[in-house]
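After this come two complexes, each holding subunit A, first together with subunit B and then together with subunit C.
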Partner chain A sequence: MLIPRRDIEFQVFEVVEAEALCARERYAAHDRATLDEVLGSARRLAEERFLPYAALTDVHEPELVDGRVRIAPEARVALRELGEAGFIAAPFDAEVGGLQVPQVVNQACNALFASAHVGFHGYSMLTQGVANVIRVFGSDEQRRRYLPGLLEGRFFGTMCLSEPHAGSSLADIRSRAEPLPGGLYAIRGDKMWISGGEHELSDNIIHLVLAKVPGGPPGVKGISLFIVPRYRVGPDGGLGADNDVRLTGLNHKMGWRGTVNTALAFGPNGECLGERIGEEHRGLASMFQLMNEARIGVGVCSVALGYAGYMNALAYARDRLQGRPLGQRDPSTPQVPILRHADVRRMLLAQKSWVEGGLALELYCARLMDDLATARDAGEGARLHGLVELLTPIAKSWPSEFCLEANKLAIQVLGGAGYTRDYPVERLYRDNRLNHIHEGAYGIHGLDLLGRKVPQDGGAALAALAALVRETIAAARSDGSFSQEADQLDQALGGIDAATRRVLGAMAKGEAERALANATVYLEAVGHVVVAWRWLEQARVATRALGTAGAADRAFYEGKQAACRFFFRHELPRVGPQLALVASLDETPLLMPDEGF
Partner chain B sequence: MLIPRRDIEFQVFEVVEAEALCARERYAAHDRATLDEVLGSARRLAEERFLPYAALTDVHEPELVDGRVRIAPEARVALRELGEAGFIAAPFDAEVGGLQVPQVVNQACNALFASAHVGFHGYSMLTQGVANVIRVFGSDEQRRRYLPGLLEGRFFGTMCLSEPHAGSSLADIRSRAEPLPGGLYAIRGDKMWISGGEHELSDNIIHLVLAKVPGGPPGVKGISLFIVPRYRVGPDGGLGADNDVRLTGLNHKMGWRGTVNTALAFGPNGECLGERIGEEHRGLASMFQLMNEARIGVGVCSVALGYAGYMNALAYARDRLQGRPLGQRDPSTPQVPILRHADVRRMLLAQKSWVEGGLALELYCARLMDDLATARDAGEGARLHGLVELLTPIAKSWPSEFCLEANKLAIQVLGGAGYTRDYPVERLYRDNRLNHIHEGAYGIHGLDLLGRKVPQDGGAALAALAALVRETIAAARSDGSFSQEADQLDQALGGIDAATRRVLGAMAKGEAERALANATVYLEAVGHVVVAWRWLEQARVATRALGTAGAADRAFYEGKQAACRFFFRHELPRVGPQLALVASLDETPLLMPDEGF
Partner chain C sequence: MRKILVGVKRVIDYNVRIRVKPDGTGVVTDGVKMSINPFDEIALEEALRMRERGEAAEIIAVCIGPDDAQQQLRTALAMGADRAILVKHDGPVDPLVAARTLHAIAQKESPALVIVGKQAIDDDAAQTGPMLAALWDRPQATFASKVEFKGETLVVTREVDAGLETDEVDLPAVITADLRLNEPRYVKLPDIMKAKKKPLDVTDLASLGVDAGSPAQVVRWEPPAQRQKGVMVKDAAELVDMLKKKGLI
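On to the complex of A and B.
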């Protein structure tokens, strides 16, 4: 089941106020009606071409037949329609063939596609990411050559970072790029965990490959980035010869089986050509440009999967009759829908608080990206860029934990039925487990947040975030209806501040390992505080709207208020002990002997 | 990978002191050597006959072929050897053919089998449970007829409670038992979620079936319990005619696929005979006797699956070279095993603290059962019985949450590899997800603990538990080495007391629904406190042993100390906010409108 229309409307238009963006030059071609139309057609496409095949591609995962990857043919149909309808091109500049749709709407569409079929959506997410790197770092010629195919969905993209011996440790990649006369490079190396690495769904596959040019510095500073198509592409975008990229294996995953995952050999016959993109030895920075957007994209997928589980659990809880209220012991009275049981309500409200909170987080990040794309001056741009950078590890990681937890509870609401393959909730749970791992594992994002994003620029980004949160706190206090939550959020912000100071103090003393030993816990706690903030904003918007809401909307807004209260009462309190732990610089795991495990 | 020998030894002999039991008459036939032999032969059998087929039966799950359930033939071999070696009979009285092995050793064996192949183990777990009900509630004739087959593993058992329209709500079951002349009953009805309901692994299947005798009171008070064999059994135990129990469907599960799960029709042709066991209309109480043991058995399975995941993750972390320590940025230095990375250590230590803490919890419950079986007088028996009853929902539920969390982190340690079906960690995660659901869903146990076990007998059981915990606290304070942890545990005990008083106060005022709305949170918090207590005991034992330990044992005991510290620093603090929430009698989920979800 998809994310419901009413919440998309609320979050896109009432909370992050997408319509207001249309007053800006970049989005002037749009108005509420065109944005509604974009969202409506995404929903239709997701419902008709994505959702019906989610179970099918889980059972019939991609397989190797006569050296080719066979994927359910419905994938090709769905993705061709998606490309033709402009959903890959949506957020791109008009000058490269895009539609200049705001990111808030683009990401809402992505959430709809991912909630319907995350496996199909994976191809388009990667393709948007690759197109974005080429847009930003490519030469004019590279843009002309590759962007039309990518934006129209005739070419799909991949990101080739990991190698069999180096997953998270990019310093150790061994792929080589030898410069050739004429400016091209001969690419050679093995890549691992490549989603969308080989298939027949599109006319071509455009790999973005990290490799080292001989003579460069060792480690991450010697990495360059290359465009390596499966079939060579002429200046006009026409397809040429096979480019010697070979499938060496398929990975068989627990879930997310609709997106093929591959091991690839580049240039096993010495015939693989790549074009360098961006500066030599500066490839990782360019790739991270892609990674930032892809990471928010992964966050959107986590949210969408959790949300789909919640919708299924809710529908089941409304329908399934079983048991009676606690006070009612007379077995001759009729059974009630399980939605009436306190613990089922608790589990559903927990799911609601995680998935709607997660969606609010992702769309807030998308809004920041829209603001960044339309920043008035360099100062505002720098502040917004810092915020996006700071929030990216959270937007990627928080939903991968808590929307997975939502999937776990969705199974629980269904009970034994939820554990069978007759219902989608177990598949959604399996699908979502990937999001902890790809696009940078959970722990890597903890280090990214606490070791890099928080200290950089003298802590400017965290200060900017705290200032925004304090604005909401002040506003909620003056509104009055959520002033207790405002106080709680203020206190949590104080906890972040104290923990951060302790960690930065230890880092300043050269105790980096100890200081960062609980970076993952910090990531989780800060994520909870940020989501609590977005819940307080949702509750404020709902409370204002309730004043004039019609009967149909009242329950919706009251549900938002309840979910906000729930998050503050059941969820936010966990950050107290977490931040205290971070501040304690606990190093129990470091101090024990290896043989003690 | 199995639970390692050293920890089994530590937990069975050093912590719950199984050898001391041999001084009691019931266990006088055993000594340390025979108990070691039992554990050793369980390990061999688990390694040779269980573990090699865990992946196989996941891929080739039970299927219906020509109306019969086809299961990998290795299951039959493994289970026959298990029965012949006496592992089903182990804990039973010698007079019925048992070996009077203490439960601490029996459950340790079960943990070994479950860590090797939980699907195969499922059959033997159910069979022990069914045999136990017949031992306790059966007539002499029923014992003679059924126990030999069950204890020797020629007959397997099942528990038939749920029906298609009634999972957790047993008051609403519709299965009927019509008395026939001669004392037998004609059984008719549909049962759902029956593990081991149909197969060819044993000569016969003995179903324990809940059904209603016409004319009885409505609801749970009108339920009786019946022995319903697949093939009728003569007085001598010989097999007779088919008893009209028909397979109506197989459930296809996310995991735990080695145990077939079925829907059954009893008496579709009116030819199904059952023997009543125990008193008429008192069937549920008898079944709950079985449930208590089965529930501890489920806890053991959760622990075993989490432990197997931890062992796999640990082995991987020791082998897999990747990255460098935080301070070391020189990429020409060799990569280190990922065990050296702080966040990997944190994840491994978290797993260790959960799975070894969980094992300690289960073996403590087993020890209580041994003490109960050898209680000197009625007063001691009542106290022990109350403790077992109080701890059962915790022993069942706590590991289903936290050892599943361990499985989640085991995947994370392996990264992308962990998400593929090339490694067992994803299967273990899928297998373990069932344990939240079967033998009473998680929320049901929260209600059982807070709504029934805590208030009963004026709170005697909780008071008895608190007294035991305080003994450990006092001892730890006088030892000195874990006095900070002792203080923390004392404070947590105070939190339980305060929350319990608030809840019981609300119940006394007739506000049961509100009082119990957060029973699941209470269950989780009390579980954490109990496990913290068992960790403190493990740490005390380890600290004492360190005084004289040889080199090989030092790291083992230091690991125990570290895991205890970790649990107190990283885990126990979460109970503060949880118990505060319970004490607040929060009813946010109850107050929101149904349409607000």
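On to the complex of A and C.
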């Protein structure tokens, strides 16, 4: 089931105020009616071309047949419609063939597609990411050659970082790029875990490949980035000869099976040509441009899958008659829907608070990206860029943990039925499990947040975030209706401050290993505080709207208020002990003898 | 070159569970998602295909409804209609009033063809097309599943109880679209933006000289009876017996 229309409308237009963006020059071609139409078109495509095949491509996963990948033909139809409708091009600049749809609406569309069929959505997510790298770092000629195909959905993109022996540690990759006369490079190497690496869903596949040019510095500083098409592309965008990229195997995954995952060999016959994109030895920085966007995209997928699970669990709980209220033992009385049982209500509220909180987090990040794209001056731009950088590891990781937890509870609500393949909740759980791992595993993002993003620029980004949270706290106190929650959030913010000071102090003394030993716990706690903040914002918007709401909307807004209270009472209290643990610089895992495990 | 007029009704979206107002005066539309009647979408799609084949030059989408019905006309323009006319009218649209309205516009615009859905999914009346043909005194072919031009006539395959019937009608004519006529296209994002610049004229029944009265009176709205609990039968023979007893076969 898809993310419901009412919540998309609430989050996009009432909370992050997408319509206000249309007053800015970049988005002037849009208004509320066109944005509604874009969201409506996405929903219809998702319902008719994505959702019906989610179970099919799970059971019939991609197969290797005569060296080619065979995927359900419905995938090609769905993705061709998606590209032709303009959803891949949507957020891009008009000058490269895009439609300058605000990111808040683009990511809401992505959430709809992912909630319908995350496997199909994977191809377009990667393609948007690859197109963005070429737009930012590519030469004019590279843009002319590759962007039209990517934005129209005739070419799909991939990102080729990992190798069989080097996953999270990119310093150790072995792929080589030998310069050739004329400016091209001969690419040779093996890549692993490549999503969308080989298929017949698009006319061509554009790989972005990390490789080392001989003679460069060791480690990550010697990595360059290359455009390596499956079929060579002429200056006019026409397709040429095979480019010697070979499929060496498929990975058989637990979930997310609609997106084929491959092992690839580049240049096994010495015939693979690549074009360098950006400067030599600066490839990783360029790739991180794609990674940041992909990471927010992964967060969106996590939310979408958790949300789809919640909708299924909710529908089941409303329908399924089982048991009687506690205290009512008379077997002649009718059974009640399981929605009436306290613990089922708790599980549903937990799911609601995680998935709607997660969606609010992702759309807030999208709004920051829109603000960044329309920043008035360099100072505002730097502040917004810092905020996006700081929130990226949280936007990627928090939903991958808590919206997966939502999928767990969705199965629980269905009981034994949820554990069978008769219902989609077990598939949604398996699909979502990947988000905890790819685009930087959970633990990597703890290190990214605490070891890199927080200390960067003298802690400016964290200070900017705290200032925004304090604005909401002050506003909630003056509204009066959520002042208790405002106090609780203020206290949690103080906890972050204290823990951060202790950790940064230890890092300044050169104790990096000890300081960062609990970075994952810190990531989780900061994530909870940020989501609590977004819940407080949602509750404030809902409270204001209740004044004039009709009957149907009243229930919706009251549900938002209740979910906010639930998050503050059942979830936010985790944060105090977590931050205290981080501040204590606990070394228990480090001190454990290896032999003691 | 030919003009085609397409009737586009604003109805409660097919995904919405309909609720009757407690006082029986209508159904709840407050905060409910509204869409183009799916059969009218098929009608519009057929007109678009005719234009793409060079068989028509201009497509005009017409909707009778409140101000908010501009939404549905914008969608029609984004799908590809050239211009749109909103005939303002609050409350339910009676098929006879709809037929009179389309007739008034047909007299002004002189289309070669009027295509409407075979019925609207809200009242399921299936009367607008036939009534329009009668008022306009032109041929009609309802429940069309295939439509082809043959010179200045139209060959229409119709879905009837006995199977398929093929008729040839002179132009101008009225066609009503059945489900299998085509599968409407997805709206493309660039077309959504182009639609903003297409003309959308607003008028009302009085300006068109349309009589808003109708001999049909809505007495009361009621939800259908709740489904009764089922009975398990042990075999086909018992099933047949039960059906016979109930007078169903």
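Here is the rule we use: the second predicted complex is superposed on the first by the 597 of 597 C-alpha atoms of A that agree within 3 Å, B and C clash if a C-alpha of one lies under 4 Å from a C-alpha of the other, contacts with A are read in each partner's own complex, and residues count from 1 in each chain.
Here is the rule we use: a contact is a pair of C-beta atoms (placed from the backbone, for glycine too) under 8 Å apart; a residue touches a chain by one contact, two chains touch by 3 or more.
Note that this is a predicted model, so its numbers are computed, not measured.
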Which of subunit B and subunit C A:E471 touches, first, second, both or neither: neither
Touched partner set for A:E81, first subunit B, second subunit C, both or neither: second
First (subunit B), second (subunit C), both or neither touched by A:E141: neither
First, second, both or neither for A:E380, with subunit B first and subunit C second: neither
Subunit B versus subunit C as contact partner of A:R5, first or second or both or neither: second
Contacts of A:K253 with subunit B and subunit C, given as first, second, both or neither: first
First (subunit B), second (subunit C), both or neither touched by A:E279: neither
Partner chain in contact with A:G323 - subunit B first, subunit C second, else both or neither: first
Common interface residues of subunit A - those touching subunit B in one complex and subunit C in the other: none
Complex contact set, residues of subunit A against subunit C: 5, 29-31, 33-34, 36-38, 40-41, 44-45, 81, 84-87, 89-90, 99, 101, 550-553
Parts of subunit B lying in touch with subunit A, wherever the complex brings them together: 162, 165-169, 171-172, 192-193, 218-220, 251-255, 314, 318, 321-327, 329-332, 335, 339, 341-349, 352, 408, 411-412, 415-416, 418-422, 426, 429-430, 433-434, 436-438, 441-443, 446-447, 512-513, 516-521, 554-556, 558-560, 562, 565-566, 569-570, 573-574, 576-577, 580-581, 584, 586, 588-597
Interface residues, subunit C side, partner subunit A - complex: 28, 30-33, 70-71, 74-75, 78, 186-190, 192-193, 195-196
